[in-house]
Each structure stands twice: as structure tokens, then as C-alpha cells.
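This is the structure, below, for whatever I ask next.
Every chain is named by a letter (A, B, C and D) in the order it is written, and numbering of its residues begins at 1.
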Amino acid sequence: MIRASIVGGSGYTGGELLRLLLDHPQVEVAQVTSRSRLGEYVYQTHPNLRKRTQLQFCDPQTLQPCDVLFLALPHGQAQGEIDRYAALAERLIDLSADFRLRNAEAYQRWYGHPHAAPAWLERFVYGLPEFHRAELRTARYVSGVGCNATAANLALAPLVKAGLIEADAPVIVEIKVGSSEGGAEGNPGSHHPERSHVVRTFAPFGHRHTAEVIQECGLTNVKLTITSVELVRGALATAHVQTKSGVANKDLWRAYRAFANENPFIRLVKEQRGIYRVPEPKILAGSNYADIGFELDESTGQVVSICAIDNLMKGAAGSAVQCMNLMFGLEETLGLEFPGLHPV
Amino acid sequence: MIRASIVGGSGYTGGELLRLLLDHPQVEVAQVTSRSRLGEYVYQTHPNLRKRTQLQFCDPQTLQPCDVLFLALPHGQAQGEIDRYAALAERLIDLSADFRLRNAEAYQRWYGHPHAAPAWLERFVYGLPEFHRAELRTARYVSGVGCNATAANLALAPLVKAGLIEADAPVIVEIKVGSSEGGAEGNPGSHHPERSHVVRTFAPFGHRHTAEVIQECGLTNVKLTITSVELVRGALATAHVQTKSGVANKDLWRAYRAFANENPFIRLVKEQRGIYRVPEPKILAGSNYADIGFELDESTGQVVSICAIDNLMKGAAGSAVQCMNLMFGLEETLGLEFPGLHPV
Amino acid sequence: MIRASIVGGSGYTGGELLRLLLDHPQVEVAQVTSRSRLGEYVYQTHPNLRKRTQLQFCDPQTLQPCDVLFLALPHGQAQGEIDRYAALAERLIDLSADFRLRNAEAYQRWYGHPHAAPAWLERFVYGLPEFHRAELRTARYVSGVGCNATAANLALAPLVKAGLIEADAPVIVEIKVGSSEGGAEGNPGSHHPERSHVVRTFAPFGHRHTAEVIQECGLTNVKLTITSVELVRGALATAHVQTKSGVANKDLWRAYRAFANENPFIRLVKEQRGIYRVPEPKILAGSNYADIGFELDESTGQVVSICAIDNLMKGAAGSAVQCMNLMFGLEETLGLEFPGLHPV
Amino acid sequence: MIRASIVGGSGYTGGELLRLLLDHPQVEVAQVTSRSRLGEYVYQTHPNLRKRTQLQFCDPQTLQPCDVLFLALPHGQAQGEIDRYAALAERLIDLSADFRLRNAEAYQRWYGHPHAAPAWLERFVYGLPEFHRAELRTARYVSGVGCNATAANLALAPLVKAGLIEADAPVIVEIKVGSSEGGAEGNPGSHHPERSHVVRTFAPFGHRHTAEVIQECGLTNVKLTITSVELVRGALATAHVQTKSGVANKDLWRAYRAFANENPFIRLVKEQRGIYRVPEPKILAGSNYADIGFELDESTGQVVSICAIDNLMKGAAGSAVQCMNLMFGLEETLGLEFPGLHPV
């Protein structure tokens, strides 16, 4: 059994991670920390875990050595203490934004302050198995992924990997997101009467996750526009892309099918009939699947490429567990079998 | 023109009141106070009022005399300064819970502390026109109504007024409410991911609005149970009542029809076909109507009596404006004509 | 491995059953029938199952013998062909309402027509393990449960089993339900703009599931009132009950704790702090748990008893799989481990 | 008083039109037709109108001459009978798609069949006052507007009218829409459990409303992508546009301010603080306002331009009444004063 601990278990990502690890057949959860809820049962914060565990939140200062340490802290906190955390476990997965970018300069440009541990940046592998499976098998330090970045990266991956778009083509990715992306702490805009049924384009340009798309897809002209919609879990990326001259529908089918075949959690959704013809996040709540689809405008070569995920699963805790499986030589899908619900 | 001012205009009730008064053909809004948003345009808080008014929130200390003063403060604040407020206007309408009960002892029992101005209690008329129309025409001081109390009182009114139930019959009123009942200030439970899609019976017994039902209906054995549901505006009261022996369906029809005929904002909804056969709050958003309906179990004489309202309108600001119309000898429905939307 | 087949797999209950059986470690799904979707992949109807199974809907006439046959047909269809179905499998679980009542007369009274196979009624065990665990271990024929009946029965069970209420005490159960209770077929009232955000008391009296509460709890004076709310999955029963004279809070704690301890899927939720203090259906989506809670009004002995379930799980497919586990001598919780999500 | 009749009053657009005309101070509603609900009270279909009118749906064959005839029929029906309808009234407003395009060839290309009355196309004025105010004052025949087209046209209008973009610049407009856009007739995808909480990009390319954007904005390279979200009323268009070289932030402010100042129902929303900083459809339910906003990426000259509307108001019935006001020389805003609700 792998002994795993979680630092920062009271947030939404930490809670999902805990749920996944508690049910994982090869993992034993040792400790879960939370400064603000010290001594409380984890099920008082995550009520779905009642009758599943008697774990209580403990002080991060009492952390014991373990096999893998997950950091689920607010962005900016892990980088200051990375040496201490790394000393506690052979393997470490940090779900925050602190170690996603390989380049300290890019970090400063997008996050507005210098990185506190720039030497660590190159030791981390970006935690998206669909892009870094081989490296993850031998990695000791793995970053999390941005949820919006993941939706965008997986929407663009089939096109990029098959070489169907130019690196400098203008790419516009419209992302619609649920309220859990904002985390477990409330703010005036998350008060239910105000947040309910919004269609709120809060980030027309410049969202920080853009940096992860630029880095991972190698595209130089990508814009992300983020709009909040009425949904708790889920993100849908709709990417508008100009393909290279001569790209035909059959090339796209081949590229998307290949990407879905090579990756256990990627599904191609492109149906001619029925209700669910295109990727949709609602049926993915709790699932680690990323559903992808596309449409080509043959007269212009423009493609709309779509990816739906559960932001807390494939966009956060799910990908982290998938990475852990790879790092420990386990079946990639272990503990991630829940397929989602219908109807929901 | 009636010059009206509002004390406490940044909350939900204050905002709705402001919207109604701005469009009221016989009212001119003089001042709207808010300590926390001093100097800001009211439309920055109530975005629906953009391009409708350039009013700015002012300091309550700068209040000028006016014809009618509306108090929309958090509960407990009006009673301490009632003399000052009453000195500013010939007529005063307080929407808080401070002056709803006629009895200082009952106030202390339900609110847990002695009333700060008990002598004022008997000067106020309870602001529900369906119960006190005649007194309201000559009243100088009028209280607001509790939203849950209003849904319950209007569900029970036809039975009480027609004498179809005993005063000591056990009455259970289940009320389902939207999130705007909690007011404009957020709390951990109102954070969208937590509040979304709840069916949360947060008050099984002892809700303070019970006191208003006991007082107004004269029933001695009433219980209110309140459950939050996914809805911003709206409350539905479903009352379970044992009628007097011998009460038949035709007696109920007569009682409910009479109540609807005597009151311009009461509608009887009891259809055999179509989608909207029973009272429902969703179509009442923004409207001052209270829709009522009933069902009799002939074998036992039990009645389910239903009332739907918009908690911010008939359950708060709408009834207050209706009272103002009566106090000033205006048409009762003036400025309250918006019928609600379909679909919505 | 247990070979299981499902008759009627295109509805919501059939789909959930299929999801559970596909992931059940001791079950192999042999056939799933649907006349209307003959030959289609099951994932075209239940999109969560894409990449999980290549099963196609088959004709019910092609059914082969198997170890256990699940019937998930619209109410009224199983009773006419029960002999044929029973000949196909040693064990049979019918999720419709056809075999829930033990009494043909009661069936006719509540369903309005004579039962087509009254002799079969006594061969069935009512499929709620919390009421019939011992009989289910040896049962060959097991009925499903009504979702509203289950919420009501489990809300009342601790009181009934501990003898805290009289059999003829008046019991009012208010049940709030999601839209999936109406099944997979649309109707004018389920069209999204009309169904959205309803609080619609569509069944004030006389809901058919009442018969299951009378039968299982042995209470003679029970009323169910059903109200649709904005929710896809979930039901919350709030029962209003008068306890016997002298029943104190500690008696209730003992009764509820005992019921939760004796049953793996019952959880007692009664917290003094935090957001989730009372049972709520939203965190149960996909889970087989039934969360129960209570509140006593000490001055009168009235109790509000609450039960939250996922209507498609504990109220339908989940209880059916739980019964199957008991019938085959398996661990009762096998294949039902998904705890639900937070946030959701 | 203007005598107005409505052909096709049982749909959502017809219902909203009816609500507006019933409250319009200069209009008397003469007749409302519906073949499928002949003889029923209009409030049985539009429950918000209960106690507001005793009108009953009548047969279209019984239509009497009137001052203005509104056609709110399903697309394709008006063109076949336009001569008959035009003979009934001096002025006619058709809310369907039949007479929106000025060009029969374009109609055939986008709608897939030849127009039945091509000679009538040039007699109609496109019913968007922000584009055709002067012509509308003297028009006899006015078309309705597509709701998605309106959101897109008003998002692009400030840029187009101020000459800030090239006619052949690539323009991508992402539109998020509520379920009422699909009309009052249900379909499998509009069944509440399936439609609830979707983020469904059902039209990546080729939506018919594109033709209205090309026609009205004079742009040659416009793509509309439409995504359904959880919302009943409302549409948000987010347009991605490349501005001409040298366009600065102050040019955009000037253009958007001018457009808002010249048009009574256009509001510029671009705040630095508060919850409502950008245009959002949720606060527009029932209102005729179109809220617009923008953001410039100075390094590239790309603009995100946003417009929020209520699809049934500014995107349908509201604009039609606004046109009627202009056609009859009335105040443009008459009968359209409802500002929308907050919170909602």
C-alpha cells in the first residue's frame, strides 16, 4: 500500500483528492492537514465522506514522512516551503499553480511576482498524462494542471499533435466554467442570489492559465476568454482555430480518433443523433473523462474544437491521481473508474 | 407628488422598494441611505437601475423631512431610533421585524431580547392589506410583513376568515424558500457551490415568523417548517389543516373565491388542465400577486392550502408600497402592475 | 460471476442499474433490452457509459436464461408477463410498482385496476433491506421500492421500529423531489422553460406511494404531499409526527443511532455547526446512502423527521443492487461504494 | 388607442408580446389567435396574465381589421399568407424569420428553400431601431429580429458604426443562450433532466441568424457559435474582433458611449468594482435593455465586445413593440419601462 498525505484538505480540490484516495485500492491515507479546521472530522467539511472515514484534519507541522505527498494549498504557498515538503516524501504532487510553468520569467510575467524557488521549476513535470505520460512514469515531482488550461489543452491537443495547425495561428478559446472553479471561500460575487444563473465573461483576456496552454501546446497566439455559467462542476472549452491549408474532415477524424485511442480518459463525442451529440460537462461530474469533439467549416478551414471536463477531476484531483498511478507503476485508471451519472 | 425616502437602500428589500418607487407615478424618491456605500450610485449595487436614476446613497444623518419614510434596515435597528425617524415624516413604514408584533412580551419570547421601544408597538398597523385594509387607510405607522409569515397567512386566510377551522386545530405549514430570503450579505452556506440545488430543512420548528401567523390568524397551534430550495425569489407555503366537521368542497370554493374577489392581488389557481394548475412562485418574480389554491381530502376533512408569493414583493417591498397607496388614498394597485413573466 | 440481464434499459432506472452492474465486481451483464432503441449502443442513450461498454440494446424476445433478471419496465407491464420472465432466471428483481404491495385489494384501490397476477404478490419480498434484510437473503422474487415511499419509510423507520409513535397517529410527510422522478419521457410540464425552478405541489394527497408507507410502517393515518423542486436527482422527506407521551430527546437519539448503526447505508446527520447540519439530497447524487435526521419540539412532543435520498439510487436501482447482493450472499455494499460528490 | 391583434399568441414570443401590449398605455388588444388552444383563456397558457385579461384565443380565420397586426407564427408560415394578413391592417410586424433578409437569394441559401413571397422582402424594414430608427418611423411592414442576431449585432454595432473594424476582418461571435430560445414546444433534448445545466455547443457553425449579422453589419467574415447554458431567458454574445491598426482604448470608449447615448435601450456596462462589472443577461429578464461592454488587448488590437439581452424582449417582443412605438409616432420607450429585477 502507498501511504499518502494531503496538505490542505479543506478546499474543494483537497476534498476531491481525499475522496479518490480513500477509495483507491492501493492507497492508504495517512494524514490530511487543515489549519483552519484543526481537529475536526473531515466529513464535517466534506459531507459525502460521512461514514467513510473517521480522519480528522491535523496540523501541517505534524506531518510524518510518507510515500507520496499531495499539496493542495492556495496558489503561492507551496513554493515557499517546497524544501520542507520534499524532505517528507520520495514523491510529491503539487496541485497549485506554483510549479506548472517551466520558466521563472514566464511565471513572473503571468503571476506578477518573482517565483520563490525558481530552481525547483525544472525538476517538476507538468501533470497532464496526455502530454507527458512517459516522463511521469519516472517523475518524482509533478505539478497539477489548471482546469481551464486542461480544457483548452485537450481541445487543442489532437490538432497540435497531428500537426494540423501552424504554431503562430491565432487561436481563440472560449471557456465556460462552473462556480467550483472559484474555490471553497465565498466572496460577494459567489453569494447565491448574485451568482445564480450568471453568464458572466469575467476574464475576456489575460487569464493566467493561458501560460499553460502556450507552454504545453507550443502555440504563440492563444487567447483564453472565460465566462462563468450556472453550473457547480464542469468546464467547456470551445476553441476557434484556423487549420493549415488542405486539412480535410478525414484528417480531423483521424487525429481525434488517434488521440482518444491513445488515452484511456479521452473520449471522442461526435454523434449524428440522440441528445448527447457533442461534449458536455454535465455528465462528467465526478468522472475523470475528458470528452472531445470538433466541427470543420470546409469552405474556410476553420475548426471549432470542443473539450468538456469536470474541473475538479480531470482539471485537478483526477489528473493528479492519474499521475500518481503512473509514478508508482500502477494501472493508469486505478481508482478513477467512476463514469459519471445520467441523468444529472 | 409624494416625497419618499428610504433608509437602508443597499439590501434586497431596499433595492426592490427603490425600483418600485422610482417607477411609481405618484412618488418622487428624495433620498436613499446606505452607510456602507456612501456616495456610490445606487445602480452600482442594483444594476437593474442603471440608466434609470442617478441617485447616490447618502448618509442617514443627512435625512431631510419627507412625506413618507421607509425603513429597510436589518432587524433590530429601527426600534432604537424610532423617535428620530418618526420626527422626519408624517407617515412611516418599517419593513423590518421590529414593529410587526403588537405585544412586547411576544416580541421578547420570539426574538430573545426585550423590545427597545415597546410603547410604539401599538401605534403600528401590521402591513398586510388583506388583513388590515381599513386600518391602513388611516394609519401613520405601518410595519412590514415577514415573507414566510405572509405566505402562511395568505394560505390560511380563506379558511380562517370563513370560519372553516377551529382556532386550536393543529396547523402545519411547510414553506419552501429561495435564497434571497437570506438577504444580501453572504455566509458560508450561501456560497454558490454549497447553496446550489439544496433542499435544506434549516428550520424544522420555531421560526420567528410563526409569531406573525399566530397573531394575524388567531390560531394557537401553528408550526412552520422552512426548507431552502434552488430558487432566488419566491416562497411557497403548503399548509396542512383539519377543517371543522362538515366542511365540503363547495364551502372551500366559496371561501377561496371570496378572498380572491375581495383582494386585487390575490388569485385563485385551481385548474384541471394545463401546466400551471396550482400556485407556483416562479411566475411571480417581480409581481405583487399572491396565488392561492387548495385540495380537500373528503374522507377526512383535511385540507392542503397553498400560497405562492415573491418574498421580496408581496412578502416585503410590494406589500409596503400597497400599504403606502392605501395610506395616501391612492389606487391600491398603483405602481404594482407588473404581472410577472412567462416563461421564466 | 453472476450473469445478470436487464429488461427495459433505456429509462433512467434501467440506465442507473446498468451503470451499477457494469462496475460490480461479481456481475457480468449479459443482455439489456429496449424495444424503442433496438440495436443502438447503450452509451448513445446513457452517455456516461461511453468507452465503458459496447453493449447494444436487444429485443426482449431474445432474452436468454441468466442468474438474475432485473425488470425496469414502465409500471403495469411486468405483471402481464411475469411467468415468462420468472422462467428465465432463478432470481428476479422487478423495479416497477407491480409487485410492491402484498395485497391485491390494496393494489386495486391505489392503482385503479385489478392486478393481472395477484397470485404472485405474496411470492415477492419488498425490496428495502432496512425493513426486510433477513427475508431478502433467501428471496427469489424481490420488488423494487417507490422513491417517495423510500424517503418516507426511512424517515419514519427509527420512530416506528423503536415504538415511539402510535400506529394511528396522524403523520404528514412532505416530500420534495427532482425531475428525474418523472422518468425519461418528456411531457409539456417537463419542458425546461416550464419545469425550471418550479416549486410545484402537484400531489397534495393520494400519491400511490402512500400505499407502500402504510404497508411497511404499519401506520394507518399517513398522508404524503409531493412537491417538485429544481433538482434532477434527489428526494427529501420531511415527516411531521406526534410521538407517544413521554418520548424525550434521548429516546430519539437512541432510536436514530441504532437504525444508522444497524444499516450500512443509513447515516444520521444532526450537526450543531458547519454547512451540512441536516440531511440533504444534493450530496447524495449517485450514492446509495439515505441520510436521516430529526428535531423534537419538547413542549408538544412533535417530531420533524427527515430523510434524504437519491431517488434513482436508494430509491430505485441502488436498493435493487443491494437486494441482489443479499440474495446472492455477497457483501451488502458491494458495487455501491460511490459516496457522492462535494461540492456538486 | 391603437387596436392591435396578435396572430400566434400561444408561443413564448406571442405571450410576451401580449403581456407588453396589455400594459401599453396606447394600445388595446383586439384579438389573439391560436389554432391549438381555440377558446381557451390566454391565462391558461400564460399564467402570469391571470386576473389581467379575460381574452380567449380565437381562430385566425376570424381576424378583424385592426391598426397593427403582429405575426408571431413559427418560421415559414407568414410568407405564404402575407397578402391576406397585409390586407387586414395598415401596419404589420412579423416576428418570424420570414422577412428579415432583404435578399431572396440569401434567404434561400440560409433557409434551404425558396422564399414564398420574394416581392415582399424589399417592402419590409429590419426591426432593430438601433440600426433603422429613421426608416421605422415611416415603415408599414417591419420584420422581427433574430435573438442571437440581435445580441451579435448590438455587440458589433459600436465598432462598425465608428468604423473601427474592416469589413472583411474575421469576426467570431460566441453566443450563450437560455432554453426559451427553443420555443414553447418540447423535444427530447428539452426534457428537464437532460436540458438542466447543459453547456452544449449545439451550433458550432452555420446558425441561420448569421445572415442577419452579415446583412446588418456589412461584415463578410462573421461566424456565430451558439452554446446552450442553464438559463431560461437571456443571451450573451461575446464577439472576438481585430480592430483596425491604431485603434486605442479611448476610441472604443467614445464609440461605445456614443452608441449608448444615442439609443434609449442601450447601456454601457464597464465597471472597475462591484459584482456587476460586465453585461449579464440575468438582470435583464423582462427588460428591453441591451447591455454592452468591451475589453481591448492593447498589444494586439484585439477586442472582446459583449452584449447581453433578454432574447424574448430585446431579441423578440420588446424590439417589436419599440418598432410599433416608432411607427405610430409614440415615445420609443412607451410600455417598455420595466427595468428588470435584482436579485433574480
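Definition applied: a contact is a pair of C-beta atoms (placed from the backbone, for glycine too) under 8 Å apart; a residue touches a chain by one contact, two chains touch by 3 or more.
Bear in mind the structure is a predicted one, so any value in this text is a computation, not a measurement.
Common neighbours of chain B and chain D, by the contact definition above: A, C.
More than half of the contact pairs of A-C, counted by residue number, reappear in one of B-D, B-C or A-B; that pair is B-D. If you compare C-D with A-D, the chain pair joined by more contacting C-beta pairs is A-D.
Comparing mean CA positions across the assembly, the chain most remote from chain D is C.
A straight line joining the Cα centres of chain A and chain D is 38 Å long.
Mean C-alpha positions place chain C and chain D at a centre distance of 46 Å. Those residues of chain D in touch with two or more other chains are numbered 12, 180, 184, 188, 193, 196-197, 232, 275, 280, 343-344. Taken together, the chain A residues at the contact with chain C in this complex read 12, 15-16, 19, 23, 44-52, 180, 184, 232-233, 267, 269, 271, 273-276, 280, 283, 285-287, 289, 291, 337-344.
Those residues of chain D lying in contact with chain A across their complex are 172, 174, 176, 188-189, 193-194, 196-202, 204-206, 223, 225, 227, 229-231, 234, 236, 238, 240, 275, 277-278, 280-282, 295, 297, 302, 304, 306, 308, 343-344. Those residues of chain D whose C-beta lies close enough to touch chain C in the complex are 12, 178-180, 182, 184-188, 190-193, 195-197, 232.
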